[in-house]
């Protein structure tokens, strides 16, 4: 259509465009300068993986189109795709309005069709989004004026677009050979030619001015994510989910962790700009769900707000470090210590924000710089330093559980194929010693060659790292790696997902590359390969609920193996603790070092988890079946579930077990 | 051989440990029972000055003193002043020629040692190390006037602890009685308190119990609660999860009562009782009462 | 104010101490060493003073093997200003009175306003050194201390007496010491602090001067108890389990065992 910008109109439009985009650029420049306050961090590795992420997550909107969110995700995806299409059209409008030129392809019938379809789809999505905000008001969502402004602007854009197209058709100002917009032309309002022209002109101006206002408003708003998601997804971490960031050259540093916004990396600050305040992370957070002061979204938004507050001052004063993040609010430290690092937030964030890294960086500052650690956490850190285990049990009793079983150490059996890294829980906790015994029986039944390190094993360091003591983690890791090297260990089995995760995903940061399997993975493989013979025959039907440990599931995507291992047992059926299963699994409350910290506020996470399991059991019971066990694959989960079923008075009928114990109880008895 | 016993009073009564060591000294022969008088509150310098002066005249070979807080302080100060051998917190004392053979715990209760303390020696003796013979006569106590001129400290004031319960603080108690979920509800603590009262014990609890709100959080013993190392730890209806064990395994003697014979707590217990705690506890409290009354 | 803390290195509380084959000493292999817990409270108590008044200086002294330097570094990392190790032939063999004499020599040179010791070391559990050190110095001594503070009044910067909170049954006695005083510490107000990593790094690099024990003129050998026998206490887990079934009989038996065998009643 011929733009209504002859003569002075083009100049006015040009002026508007300069003001609108100028405001956008000026603000963007400020934000960029604040972003540069952050520390350097290289996020350019794995280029092609980043390109793939960009296609899948950004263009494909994959993280919005997920279980539980398909409907809502689709409205966003349509709006987003519409935005891409329509922005192209907007550029075309501005170009033609100012310079009389067209963007390539905009004259094609296909583009006109697509544009028109998306305009209607976006408008419909906006109506749904407004309805959700006004009427449904999901609790997770932070509903503020900002959202309405944006919805209003987008709605106005779509309406004005459709109106000017409609009027343009009525006025007959299509360029020669142009395909008429199909949907906009469906309605005939019986305009007179002059009125049609006037409506066209008015709506056209409303549209382009709204576009420019939108551009100017955008960087002031949470809708900045429209712009920042593109780089934020591209620069997302390519580390394994379970691996925290390494502090390299730790001996040569003077400051540790985030004691200032300057200590957060530029990417962490970009995360903060990108947060859309959708609240999905908050909805997944076990701490928030049980009344703790932590809200993962607030962790991110606090960074954004503080950066905007302190940024102008810090930009001009290189020596000024501002307020340490852990002191931004009196309750901030408590927020940070409430995190179980379960990754529920990270899993669900549609714009790939990395919450755990920020929390741990702030904990690092508290622990390593301030020595400001909860008393019980301090006790277990000291215990790791001095006794090599977080419970402070006598280190020379580490292998006592194995004595009667005759499990060899590497010193006794240097040619063993696998190292079984037992971990502190299975070494010292009597309940978990039974799990270790079960694994030993399985490995022997399958004739796997293995040995343990005995008293030479020490804590893998995971609790220390997650409590913010990176130095202690490195010390522990190096000590274990030296012992591994001494015996030429190449393959490691772990029955604890925390041991598994840190050895598999984090030891490589220090040069320790091993082939690490979690015991359930190995069991699954042994069953598949026919090396592990299970008892067959008329076993009674047994329903077992499976609880996903965070460090097995979300952190390492081991969802199927434990279910398959259970399913391979005659008569056993796995019951899902839906909807809190797999990627949406609910933490037991013990991750992130919380195993050794007191829960003083709100409900206990493990009690809430048991409530969820009990309600699934009750649901199944209403269908006439009985869930008698809840299985997991993690010693901390087992301790927490044991405590939880006891507290809830269901210990007799809902017994927490480890998958390995169930498998070991069904081994084929050789004649 | 000349033996001295330095006694201490609580109010007007001799402390039990003082009577115990006085009875023991009487067996060793030639015993003198002394009490430092004239001090409203114990302070080492006037007491040591008086006793040291007297010791130079008397030349005792062995000084026994109760290992109470002030007894330990006085014993150590006296040994240092006189330059004699010192052994603290004896659980048994025998004289062998020119030395005392003293049984005592070392390494925070992880080692039982017998040490030879060359005479003359000062030995502080744990309460309960010697049993008081039934019907033992009150010893004749000879006063030794404290030497006020030796004092260098000035008493200012007494600040009473605002203790709601009047019980010993958990982390300092020499006996702790702890209850777990096996006690079924807060109403059971009446029984627990009764035993604690007889023993002069602090009250503890497992996390399950403080979680359930049966007992206040300060009573929690364990990894996420308090770490205790009393002489005697009595666990009632506690299963013995690692979280609890982490807070109490350093206790010197552990007694566990649980109806489940497979409970993990029995693996760390020195004395285990497999019984219904509701039947056992009243009977046991009675026995402890009897034992305390008899001795 | 100038504070001197005496800190002994002993086996960490998580170590399961084992009796050596000779039956008169402990097996030193596989022992993790740490500052004795009551001495750690003493360090914390001194640092709590330093928190309250930044002009306070805290020195920490230990006596014994070269490995004791690790424990001194722990104290430095927590925030002590300087550390001194008394070492050399014979230093490790010193006990009670001898240790007190050696520490007295250090204190006479350092001239602190307050000397802090833990109430007892977690190895010999004697609880002699604090009192003996006060005797050797001719200073007054307060035991079972939980807090101290400079007395009010007097010109700024000078120490005009020291108020000491001594824990007794039912509360605290507050005593005032006019001049230098030795305190044996029961407990600090807070749990011993967690050293910061920069603190640890700084402590690692810090020079710890060593004093030869021979130069302190301790003189003739002082009497000390000689260990004739060491045994482990009744083994954990090998405990007596009673499952008689009759509550009364079991209660009688348990009370008897606790009284006669364990001697804890």
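Order of writing sets the labels: A, B and C. Residues in every chain begin at 1.
Keep in mind that, in the parts below, a residue touches a chain if its C-beta (ideal position, glycine included) is under 8 Å from a C-beta of that chain, and two chains touch if they have at least 3 such contacts.
Please read all numbers here as calculations on a predicted model, not as lab measurements.
Visitor: More contacting C-beta pairs: A-C or B-C?
Guide: B-C
Visitor: Farthest chain from subunit A, going by mean C-alpha coordinates, please.
Guide: B
Visitor: Can you check how far apart subunit A and subunit B are, centre to centre, with Cα atoms defining each centre and the answer in Å?
Guide: Centre-to-centre distance between subunit A and subunit B: 55 Å.
Visitor: On a C-alpha centroid basis, what's the spacing between subunit B and subunit C, in Å?
Guide: Chain centroid spacing, subunit B to subunit C, equals 20 Å.
Visitor: Using mean CA coordinates as chain centres, what's the subunit A-subunit C distance in Å?
Guide: One centre to the other, that is 49 Å.
Visitor: Among all residues of subunit A, which ones touch two or more of the remaining chains?
Guide: Residue numbers touching two or more other chains: 392-393.
Visitor: Do you know which subunit C residues sit against two or more other chains?
Guide: 13, 16
Visitor: Check each residue of subunit B and list the ones that touch at least two other chains.
Guide: 249, 267, in rising order.
Visitor: Tell me, which parts of subunit B touch subunit A in their complex?
Guide: Subunit B residues touching subunit A: 181, 207-208, 211-212, 217, 220, 223-225, 227, 239-243, 245-246, 249, 264, 267.
Visitor: Mind pulling up the subunit C residues that touch subunit A in the complex?
Guide: Going through subunit C, the ones touching subunit A are 12-16, 30, 32, 34, 191, 193-201.
Visitor: Quick check: in the complex, which residue numbers of subunit C touch subunit B?
Guide: 11, 13, 16-17, 19, 26, 96-97, 100, 120, 122-128, 130-132, 134-136, 139-144, 163, 165, 167-168, 170-178, 181, 184, 187, 222-234, 236-237, 239-245, 247-248, 250-252, 254-255, 257-259, 262-265
Visitor: Please give the residue numbers of subunit B that touch subunit C in the complex, ascending.
Guide: 41, 43-45, 48, 69-70, 72-73, 76-77, 79-81, 83-89, 91, 101-102, 104-118, 121, 128-129, 131, 152-161, 163, 171-172, 175, 199, 231-232, 249-250, 252-255, 261, 266-276, 279-280, 283-284, 286-288, 290-292, 295
Visitor: So in the complex, which bits of subunit A are touching subunit B?
Guide: Answer in residue numbers: 376, 379-380, 391-393, 425, 428-431, 596-600, 604, 639, 642-643, 646-647.
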